[in-house]
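Some notes on the structure that comes next.
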Amino acid sequence: MSKPYVRLNKEDAAVLLVDHQTGLLSLVRDIDPDKFKNNVLALADLAKYFQLPTILTTSFETGPNGPLVPELKEIFPDAPYIARPGQINAWDNEDFLKAVKATGKKQLIIAGVVTEVCVAFPALSAIEAGYDVFVITDASGTFNEMTRDSAWRRMEAAGVQLMTWFGAACELHRDWRNDIEGLGALFSNHIPDYRNLITSYTTLTSGK
Amino acid sequence: MSKPYVRLNKEDAAVLLVDHQTGLLSLVRDIDPDKFKNNVLALADLAKYFQLPTILTTSFETGPNGPLVPELKEIFPDAPYIARPGQINAWDNEDFLKAVKATGKKQLIIAGVVTEVCVAFPALSAIEAGYDVFVITDASGTFNEMTRDSAWRRMEAAGVQLMTWFGAACELHRDWRNDIEGLGALFSNHIPDYRNLITSYTTLTSGK
Amino acid sequence: MSKPYVRLNKEDAAVLLVDHQTGLLSLVRDIDPDKFKNNVLALADLAKYFQLPTILTTSFETGPNGPLVPELKEIFPDAPYIARPGQINAWDNEDFLKAVKATGKKQLIIAGVVTEVCVAFPALSAIEAGYDVFVITDASGTFNEMTRDSAWRRMEAAGVQLMTWFGAACELHRDWRNDIEGLGALFSNHIPDYRNLITSYTTLTSGK
Amino acid sequence: MSKPYVRLNKEDAAVLLVDHQTGLLSLVRDIDPDKFKNNVLALADLAKYFQLPTILTTSFETGPNGPLVPELKEIFPDAPYIARPGQINAWDNEDFLKAVKATGKKQLIIAGVVTEVCVAFPALSAIEAGYDVFVITDASGTFNEMTRDSAWRRMEAAGVQLMTWFGAACELHRDWRNDIEGLGALFSNHIPDYRNLITSYTTLTSGK
Amino acid sequence: MSKPYVRLNKEDAAVLLVDHQTGLLSLVRDIDPDKFKNNVLALADLAKYFQLPTILTTSFETGPNGPLVPELKEIFPDAPYIARPGQINAWDNEDFLKAVKATGKKQLIIAGVVTEVCVAFPALSAIEAGYDVFVITDASGTFNEMTRDSAWRRMEAAGVQLMTWFGAACELHRDWRNDIEGLGALFSNHIPDYRNLITSYTTLTSGK
Amino acid sequence: MSKPYVRLNKEDAAVLLVDHQTGLLSLVRDIDPDKFKNNVLALADLAKYFQLPTILTTSFETGPNGPLVPELKEIFPDAPYIARPGQINAWDNEDFLKAVKATGKKQLIIAGVVTEVCVAFPALSAIEAGYDVFVITDASGTFNEMTRDSAWRRMEAAGVQLMTWFGAACELHRDWRNDIEGLGALFSNHIPDYRNLITSYTTLTSGK
Amino acid sequence: MSKPYVRLNKEDAAVLLVDHQTGLLSLVRDIDPDKFKNNVLALADLAKYFQLPTILTTSFETGPNGPLVPELKEIFPDAPYIARPGQINAWDNEDFLKAVKATGKKQLIIAGVVTEVCVAFPALSAIEAGYDVFVITDASGTFNEMTRDSAWRRMEAAGVQLMTWFGAACELHRDWRNDIEGLGALFSNHIPDYRNLITSYTTLTSGK
Amino acid sequence: MSKPYVRLNKEDAAVLLVDHQTGLLSLVRDIDPDKFKNNVLALADLAKYFQLPTILTTSFETGPNGPLVPELKEIFPDAPYIARPGQINAWDNEDFLKAVKATGKKQLIIAGVVTEVCVAFPALSAIEAGYDVFVITDASGTFNEMTRDSAWRRMEAAGVQLMTWFGAACELHRDWRNDIEGLGALFSNHIPDYRNLITSYTTLTSGK
């Protein structure tokens, strides 16, 4: 049966980073903290590398949820930054919605904390609004695996495509020849095993 | 592809708590007892907080299945309480069905013990009857993960939305500004990590 | 969205037990042997209790796959028993197919070893032939969880309903009042926790 | 509900082995290395046994990704071998596409490293192009289970059938009588438990 | 370094079954109920088979802890049965201690529920009293693996030998020739995989 | 071999609660937050119930480590409370050491966060100082299971006895008849399965 | 504290392979079959490579336990082979004991099936007899992890050193310069990751 | 029982980093690569922070094992660096041994790849030579958990103390007041949860 392949396209994709805040991160227990930090920063580096329009948003950042992790602010100093005054679903916030529309993109790459709320709610709203939605599962975290599993199934049933940052990078890049160095650096910085491969390789081929 | 987002709405939702009985609870082994108790009470507090019509039902409560856990009876002293004389699927019980219809709600939030029977059967019946059904996965328990997984898939295939109590609370509340204290208390009482965030925060900001 | 609930009906169901052979059972490693043996016998007792027409079949039983486990033969001494000469998919065997048709039932409850072959193949064939198919996941076993997961997804995508023996028993029975003793005995014999509940209960209420 | 059973057919199937390279294999951590090696070689032996047209391809094999594992090259000395100069999705490579079309087959059996990229991308493209796609999950590997799970769901949602090498072998063979020795050898060489069954059996029956 | 092997000896061993009560069993979650039930009955059958003096004891059996599981009472109708009025450590009960001494054995095989209390306390007391103590780990259960692990370490540090029922049976039997049928039956009744081996074997060798 | 059983004695035991602070608790990932909170409060209730002298201490509580969890302060309003100005090993703090000595007890029950530092360091120091040390493993938490395992082994090798709060309660109580109500309440409040047993029991026996 | 390092020495070591029989292998479930087969053959190749005297023994090989796996017989065609008529502990068999003594070695490397019986019993006997005993844990298998854990602890407490085949190979070899090719081949044949490293390396350095 | 607390002392400790090479790292599968990389660098930063003499060594670094990971070389540009020509146990290399002795320290902190060989061998040798040995378990890696467990037990039985980098840092530092900033930075750089606590804290207290 023939079915269209809805494929990430770097000309038509924007990234939404939702509520990666220092307090909320202490709630994330379905993924190891070292790995999760790495994945979130990898997604951020990916967005920057492909020059995808990126939107940052937080929930109640002056309260217990805490501020946005500083690294994200540093990577995207000029990105739209919507500190939501109360809306739990970022899509309910007009400024956020405006920022999304302003990107002019049809493909939305979403990640955030916690998965079943801060990610799933805008993902479901975006699907309803006609966008193609790609949730980056490994840069999104939540309380435990049972919760994550429920959230993934709900999003999947609605038509969300579940991907990881590595898959997204590869689908956006299409061909290594577009920039070997750049993609290699992204992988080397965020995949220790890949870095090791490169080190072994360059050591052997550089005459050392 | 555009697809409507079937979203929990506190004006249009009722809660069905099915067979959380002291005997049956000893069968639950797909989730830790401490966590499960907390989740069930969190769902109950959620229902009370949002003033959702709530229906309690039990199966054979004078036999080995045991009585309803007393905490639920205490939280909902005036809720319809249907001690079913034999029907395994609560939906097959006329009094239960009447109580559901009497709520006048279209969205049903269901949790119970055990997942593949006491939850799945009325969930499937309710879907057939045209309701929107949201199963609270983490306030429902069963024999083991293999059983749970089968049950989730069967319900999902029928159109049930799988959620957790935290996700449901957030979707019902919509905006923190509707009542910061109230939602914060619900989370603080049932999420130790969130309570810690709040304690740290208030300690620092209250001048201690 | 309204969707019919395809519900097991004891008047319209037959059971197919496929290749529970002593040799093949040594391949099963996605479920503990004690538990698996119990589940298979529970399903057999269920079939007998509800007087569902039951068909036994084996693959190459005179070779390394080994004979049918003797307990199943003993429980169903008069059931159709098709020792297939070579067909891997039981549905490809004419005698088997005739036996299925001879039951006159529209709902097929299937379990066997190994899940992705002996269960999935006839399940997919039966769906194609217009039957309602219910696979008893916990009375079916295979090499490992990765294999099981693939098999479940393939069957699910084709419209198979995944259930466990306990869920099937409850859906077939409908109402405890149809026979409290009988269903209680089935559970007591195959669910240690339930047996303990009953023992505690009867000890306390019988004056001991 | 009646639904056609899209069944592997040895007259109409081809095998695509994508990027099983020595460097990339060090990234695979969702499956044990001993088991993974065995599964990949089992799939290769299967392809050879059923004389399915097989295509080998690699990504950047002169760089850190490393060469194709030598065993695959040895098993298929005459197979089309496409060392892609840069395309991440093999389907984007014209030579690969030509090789696929040249097989004249409609059913594609795909496995590779890593699952969410080297397998999922061509699988999704092939579905779009009207092929029936069967991904061999246990001969495909990736970074971790979270990634694998996302990849499986994305492919499944697009209509890919998830299978394992053992299930594929059984579905292709149809009937043991087509060649007992051959299929038995395939299983004996790649399933230690099955080999043990055969050894026990032949020892007892050969008079030893 | 030479060190004496303290080996179970059927002439010098007694079995203590501590608090396998229907209520307490619902607390056991470090081992699957099907398997645990099987292990406890296997240990009981072992004791009977080797004619080891066996002592039964319960804690507060008329309260929520519930009665002894009936199967144990049936297997040992004439064994000393001490329903302790309150002592948590069975060794603190004089009748129990007298019964132990009356066996005249120096090796004590202990199992019970829950591991860190009902097993560990008398085990530690017995070590202090100069007995050789063998705890049957797989016929003892408790709340979770963390608790079990702590309990095992505490007993091990005190000199308790940790064994399973199968290991104990083999060490007591010493030589298959002492009684092939008897030991074979014990294994066949409690090890499904072993039963399957025997069935395959006898089918092939009996000419069937 | 005879070896003395070093047994908890309520006349001779004190409890040290080390660094259960709201910030540090976010580091604990080797045990589920719901369960861990319950265990810590259970240990506190145990200390109060047996009237064991209890000492509270914190590390840098005005910094990121956060304040002591309020519940502990409330349970022990008059306990010695040592907010350490910098010593990581509480035993290095003179006030803490004085408070320990002031209890006049020889048995120290220790729990805290994180296990390998805040628990292990004072435990090792106390052993060196000649105390009998009992670490409550399930009321102590740390980063992950690998860390916990290392910490347990180091303490065990030094002679620390590893116990859980439930085991400690039972060993301190010795005999149910000392106070059935009190111990039952402690268990009912902190063990959901036990509470269910009691509810089932009292419902049946109270005539209801 | 100074303590002698009891180090494997290829001049002073013998290998005992106990009961790796085709029937008994179906009981092994604490390690994956693919990996286990590989480990057993790796140990055998190790023994052959270092020319360590090796003894094969089986238990009741004409019954359900099945014959020795043929690969071991092939690797050691001339090794002492003791088919024990009934002794469960191989050390109780005089021929076995004579064969052990005939090696003239003081260090015994033992592996077998199942761990808590066929391995632990002769290991404990050998310790008692004054040998240094090294159990190869990953070439020994048993029913489940709980059983394995008990067996390891019992052996460890008696002074057995627990090692894996890889560790043993490295300790025996001492220095790569003794034979780079030989040790490399052993690793390449039994460690897929190592083989990949070697393939990558030789491809790059050979000019290809 | 009184027993001396062998406590890490920054005046008397040296660090040995053994074989953290790019090729060998691909063998490590008992710990996640992101976390492992972080732990190794944390240990390196710890060594530098406390100015502990540090020794680097590699095994066959010009072959498939690959070069030392460049980060370690960069952190310790002037450390003794022993590229061993063949000795598997670093302690067998005279230059390494001289370097160890030259530190003049009695406490050795060891980590490396793989645990049961590159760590365990020198650890056992160092114990024999009279050193106090502390193995950093979470900066050491190996093939799988079974192997790790065997290695830990062997080292533990010989008197090695098992610690993690965080525990070592705390034991070396003794008192936060020695340098709050420095230790805080070490933790913030390598513990994401701790970094989040600090960010939340400083945001709230700095007036932002």
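Order as written gives the chain letters A, B, C, D, E, F, G and H; numbering starts at 1 within each chain.
We adopt the following convention: contacts are C-beta pairs under 8 Å (C-beta built on N, C-alpha and C of every residue); 3 or more make two chains touch, one makes a residue touch a chain.
Here's who's who by UniProt: A, B, C, D, E, F, G, H = Isochorismate family cysteine hydrolase YcaC.
In this text, all values refer to a predicted model and were calculated from it rather than measured experimentally.
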Candidate from D-G, E-G or D-E with the same interface as A-H, over half of contact pairs in common: D-G
Numbering shared by both copies at the subunit D-subunit C contact, with half separating same from different: different
Centre-of-Cα separation between subunit F and subunit B, whole angstrom: 34
Between subunit C and subunit G, centroid-to-centroid distance (C-alpha), Å: 41
Centroid distance [mean C-alpha coordinates] between subunit H and subunit C, Å: 54
Multi-chain contact sites of subunit B, meaning residues that touch two or more partners: 23, 26, 32-33, 66, 191, 193, 196-197, 200-201
Complex contacts: residues of subunit D adjacent to subunit A: 23, 26-27, 59-60, 63-66, 85-89, 92, 114, 116-117, 120-121, 124-125, 127-130, 143, 146-147, 149-151, 153-154, 157-159
In the complex, subunit F residues that touch subunit C: 200-201, 204-205
Touch list for subunit C against partner subunit B, complex: 1-5, 7, 31, 137-138, 152, 156, 161-164, 166-167, 170-171, 173-178, 191, 193-194, 196-198, 200-201
Complex contact set, residues of subunit A against subunit H: 22-23, 25-26, 32-38, 66-67, 69-70, 191-193, 196-197, 199-200, 203, 208
